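For reference, the structures are reproduced in the following blocks.
Presented sequentially are two complexes of chain A, the first with chain B as partner and the second with chain C.
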Partner chain A sequence: MLNTILFLIGFPFLAAILVWLAPAGKPRAVAVRVSCAVISAASVLLAAGMLHLPDQIFPFHNGLVDKMLFPAEALLTVIIIWLGIKYKKALAPALAVIQFLIMFYFEMTCGGELAPQYNLYIDQFSVIMALVIGVIGSLICLYAVSYMRDYHRHYPKLADRRGYFFFVLFLFLGAMFGLVFSNNLLYMFLFWEITTLSSFLLIGYTRTPDAIKNSFLALTMNLAGGIAFALAIVFLYKSYGIIELDKVVAAKNIALLPVALLCLAGVIKSAQMPFSSWLLGAMVAPTPTSALLHSSTMVKAGVFLLLKLAPVLKSTVVGDMLVLIGGLTFLLCSLINLSERNVKKVLAYSTVANLGLMVACAGVGSYEAVWVGIMFIVFHAVAKSLLFLVVGTTENRFYTKDMENFDNMVVKMPKLAMLYVIGIAGMFVAPFGLVISKWAAIEAFLKIDSLLSPILMLILAFGSAATMFYWTQLLGKILSVREMPQEEKQREIRVGNDEWFSEWAHAGISIAVCVLFPLISRVWVEPYIAGIYGHSFGIGEGNYAIMLIMFAMLVIIPLAILRYGKKMKYSADKTYVAGRDIDENYAFECAIDTRKEISLKNYYPSEFFSENSLLKAGNSACAVFILLMILGEFTWR
Partner chain B sequence: MAEILHIDKDEKLISYHAYILEAAGLHVHPASSAQAARAYLETARPDVIITEASLAGKTDGFDLVKEINAKYPGIPVMILTSVYDEMDDAWKDAFDRDKSWLPVYRFMEKPVSPIVLAEEVEHVLEEAGHKHA
Partner chain C sequence: MEIIWGIVYVILAPFAGGLLAGVDRKLTARMQRRVGPPVLQPFYDVLKLFGKENFEVNRLQFPFMLCHLVFMVYTGALFYSGSDMLLMIFALTVAATFLVLAAYSANSPYSFIGAQRELVLVLSAEPVLILVAAGVFKVTGTFRLYEAVATGNELIKFLPGLFLCLFYVFTIKLRKSPFDISYSHHAHQEIVKGISTEISGRTLALLEISHWYENIFLLGFIFMFFAFSPVLGVAVTLLAYLAEIVIDNSNARLRWQWTLVSSWLITLIFGGGNLVALYLAGR
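On to the complex of A and B.
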């Protein structure tokens, strides 16, 4: 078991160097494919090995690793300072230096006496995370092979640094594995910082002014989170002699301040308000980056930490503030999405919103809520990643991210439209994941014994209504068929095999996760929760029959879409318009002989739900909550 | 108003694109051959050039692009083509490895919705530091 874990952490770093050194073209593609296959196989193997085992902790004392920890952090700081000088940004290097000084102080005063009992740790929750990282993560890397080829063909002026791109992707995978298996907070912190750095490097990949600006925004915010993390480590060790995560979770009567600091780091990582802007800015990165780091794995690291801490958070002011931050973020980001037409931004806001729900679940801290939070991670990772991938494919064929240009997708690219439907169904239609989780969330929230319960119910109701609305907007655009001129007929070709494979695998996993959801719950989630809380939570048996019927419907509907591609005959009815029709349904005659084009558009209520005003309101409210969270120790309890 | 030189042997396609591009405030000058394009460039300076890669021959559009880049380095060029489908793998690999031989702002494959084309022209104008954008 320990060997598999060490392999999962170490191999991606080796693979990173391998793909970087591999010659461009076929050899590199092969290197990426093989590495992806190895990583996903190893993570599945690990999960299979853990099927009947309880949590395990490993001492893993390795002098070399312990000696390398501090120099590795110093190296990260040097890289950030160097990049800061190169692009003339002062804030990020300054934060990196502060962070380094904190760790330096810690190393000098306590470095020698540190004696962590267990450095590595594995339980069912980290197995789930490892599966998400290993399987979904490597599928996304595979997808990137053909996506990046098309991307660079479309923008011939951009410097082609694909070797470097894949290097950072694999580096990131290794760091993610390390993060979920670390019990020693110092290990976790190092991996945490590596994910921050790789996110920064990937956002800035194109080196356009926009990309540089947004990459530094993400770096600055996440470094601030890193400072909170570092302070928490120092505080925990100095006051309690604790340096391991499992001891923090198990500790009774621990001060709230270090927990609040860890939560702050988690909140920033998972891009909650008032920090959500970094994730929106991160959408300038090539789409595989958005799928891997900014929806399915890295942002989940924040939620992972919060859910781990959930037992400590239950009915504390820190937990309550997390509930408010998460809840408000969910509600406002869902509302903002109503007036958003850039598909990547829709996905980004929806990611932030769903992360908000997960954060709220962690804040509630009851065993039901943690169950919901973990199920959320699984379902969201699969469905959202699938959606990002199909948007990426669309981008490389349609050259646009504006959903108003997605008309006739079902005729032009029927298979892709089907994948869209599966992804969107995964996000909001029963029985696919998120609805199950939301339904369970209602149950969990109802059991809270305070004023938060009705507030959360309202947030969940209104936020989910908005969610339904914006997914339908996108779905409507994809499925709407209008007559189109011969010049625009599109054939479903030129999509690379890696891309198709990855997308269909995602679709298959989405459906499998839905069918096997009771099994996932029983094998991994319930034992984990039972191990911590002593009793567990599951969805009632009676619901499975309904779920199966709805599942059958959801397979049949997407399959029906395929018929559109096969020269299906459809007759266009004449549209009634306020004037005389000119050439069949394209235009009509308006007053004073003017010609008016007919267009079919979604309604974006931006005057009511404008991004700026909602963000402003949410950011200031959440900033207050964060402040209360940090000061929680000194307020009420 | 930004001027576009749109080179394609399919005149119907140009007029179809032109209809939307003009509505977006871009003026389109059509040219159905490399010669017509050269003649036009003698007399005027468009802000953007959109060209097909196969004009009279299979890939003579590429030669035209190189010529334009050498002669009028300030004008951004976009390729809008269906040639990529007809190319063999060796050629595609070569293109994938090294794009420096063809410095264009965009390489797009047909069909492209004219609304999207108009947006991309705006982006290219912006990237090229054009004042109309």
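On to the complex of A and C.
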């Protein structure tokens, strides 16, 4: 088992170097494909191997690794300082230096005496994370092969640094694996910082002014989170002699301040208000970056840490503040999406909103809530990744992100439209993933014994109504039908095979996790929760039967879409424009004999839900909650 | 045993719903000093629609409408067989989604506006439904309808605020004025027939039937609050429907902005207030 874990952490780093050095074109494509296959196979094998095994912790005392830890952190600092000088940014290097000084102080005062018992561990939660990272993450890397080819074809002026791009992608995966298997907080911190750096490099890939600005925004915020993490480590060791994650979770009567600091790091990483701007800014990067950041890596690292800490957070002021931050972020980001027409931004706000629910679950800290949080990670990763990939494919054909240009996608790209349907169904249609999580979340929230319970219920009720609104708008645009000439229907031909493979695999997985979720729950999630809380949570068999029936009924839609273009009795008639239509369709006679094209635009109720004012309100409210969370130590006792 | 009530609903609801629609039209006519159509007229209409030549605007609309009907029937069946209320609400949302998609797929101006407004209506009504389920859980400790009723708690006493919200949203769900913004039973609406403008023949018949199923399901929802005393329950339910007819005939259509803002405010104040009060009362 330990060997598989070490392989999963180490191999992506090797693969990163390999794909960087591989000659451009075919050899690199092959290298990426093989590495992806190896990583996903290894993570599936790991999961299979852990099926009937209990949680395990490993001493793993390796002198070389321990010696390399601090220099590695120093190297990260140097890289950041160098990039800061190169792009004339002061704040990020300053934060990096502060962080380094904290770690330097720690190394000097305590470095010699550190004696962690167990450096690595594996439990069912990290198995699930490994599956998400290994399978979804490598499918995204695979997708990038043909996506980046088309991307550079469309932007010939951009420097083609694809080798470097894939290098960072694999680096990211390696760091994520390290993160979910590290029990030693110092290990975890190093991997945490590597994910910060790799996301920064990926966002800034194109080196356009926008990309540079937003990449530094992400870096600055996440470095601030890193400082909180570092302070937490110092505090924990100096006061309690704790340097391992399992000891933090098991500790009784531990001070709230270090826990709050760790939570702050998690909140920043999972892009909660008031820190959501870094993830939204990350939209400037090529699509595989967004897919990776939003689904299987980065933001999930934050939620992972928070859910790990959940048992400590239950009924504390820190937990309560997390609930408020997450809940408010969910509600406001869902409402903002009502007036958002840039599809990538819709996806981004929806990510932030869903992460908000996961954060709230961690803050609640009951066993039901943790169950919801973990299932949420799985469902969200698959569906959101799929949606980003299909939006990327669309972008490479139509060069647009505006929802208003997604009309008639089902006619222009029927296969892609079906992928959209599966992805969007995963986001809000029962009985697909996110609805299952939301359903269980309602039950978990109702069982809270504080005023938070009615507040969260209101938040969920309004938030999910909004969710339904904007997803249906997008779905409706995609599924609107209009006859068009044959050449318009040829757009799909040039989509690369890597892209198709990755997207259909995603679609298959999202259907599989929806049908098989009781299995996922029973095999991985419930044992994990039972291990911590002593009892567990699951969805009853009767309800599962109801959901299977719904699922069977839903099969009608994709079949209908597949049949589109085949023989079926219907007669396309002119649409009704009060009898004033001219030339077949889609134009009508306006005043004084003028001809007007019909164009249909969605409602965007921005007078009620304007992005700016909602963001402002949410950011200031959540900033207050963060402050209370940090000061919780002094208000609670 | 419970499942039998679900089956009874599936079989009988269209007859009851059609009859209800017939009585509704008759009463409405009388309020407007007209004679009105025969009570069985809705059935004649639907039978006639099935006999019409197929004239669909595209290949997707019919499957969408079929899904809409199937999910509406399923929602009601889940309700009357006493299943999990949250699942039932999710099924209802799926049904609404399909109706909107059927309108979108036509790619026509009037049905497009109808679809947009229908979405606004769902946005207005959905929070109340979830909160009612939450309230029932808070009072009885279960989402399963029959178990909740069997606890003997008099829901109306604990959830008066939520009942008020539900009644407000009832008008939206029944597509009555002042909230019949997406689709009206009268063809002289400013957006023609709104969501059903491009729907004809058997597809329109499916829409009518699904509407019957929906109404009977909604009546059950009202009844639920008074289920502890069936006689009182039936009386209140019928009274509520009668009140809706009066409201329908005495109100002008509102703008969608008003629909959204008013229903959200009412939900927030009375629904939210009800839940907070439940918490303070230690439920």
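Convention: the second predicted complex is superposed on the first by the 592 of 637 C-alpha atoms of A that agree within 3 Å, B and C clash if a C-alpha of one lies under 4 Å from a C-alpha of the other, contacts with A are read in each partner's own complex, and residues count from 1 in each chain.
Rule of thumb we're sticking to: a contact is a pair of C-beta atoms (placed from the backbone, for glycine too) under 8 Å apart; a residue touches a chain by one contact, two chains touch by 3 or more.
Quick caveat: nothing in here was measured; it's all calculated off a predicted structure.
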{"item": "Which of chain B and chain C A:A72 touches, first, second, both or neither", "value": "neither"}
{"item": "First (chain B), second (chain C), both or neither touched by A:A623", "value": "neither"}
{"item": "Chain B versus chain C as contact partner of A:A461, first or second or both or neither", "value": "second"}
{"item": "Partner chain(s) touched by A:F469 [first = chain B, second = chain C, both, neither]", "value": "second"}
{"item": "First (chain B), second (chain C), both or neither touched by A:S453", "value": "second"}
{"item": "Contacts of A:V481 with chain B and chain C, given as first, second, both or neither", "value": "second"}
{"item": "Partner chain(s) touched by A:L600 [first = chain B, second = chain C, both, neither]", "value": "second"}
{"item": "Chain touching more of chain A, residue-wise (chain B, chain C)", "value": "C"}
{"item": "Chain A positions touched by chain B in one structure and by chain C in the second", "value": "none"}
{"item": "Complex contacts: residues of chain C adjacent to chain A", "value": "54-60, 62-64, 66-67, 70-71, 74, 78, 83-84, 86-87, 90-91, 93-94, 96-97, 100-101, 103-112, 115-116, 119-120, 122-123, 126-128, 130-131, 133-134, 137-138, 143, 192, 197-198, 256-257, 260-261, 264, 267-268, 271-272, 275-276, 278-279"}
{"item": "Residue numbers on chain B that touch chain A, as the complex places them", "value": "12-13, 16, 84-85, 93, 95-97, 99, 102-109, 111-113, 115-116, 119-120, 127"}
{"item": "For the chain A and chain C complex, residues of the former touching the latter", "value": "338, 407-408, 410, 428-431, 435, 439, 442-443, 446, 451, 453-454, 457-458, 460-462, 464-466, 468-469, 472-473, 475-477, 479-482, 542-543, 546-547, 549-550, 553-554, 556-557, 559-561, 563-564, 568-573, 575-578, 598, 600, 602-603, 605, 607-608"}
{"item": "Chain B-facing residues of chain A, complex", "value": "24-26, 149, 152-157, 160, 398-400, 402, 404-405, 485, 487-490, 493-494"}
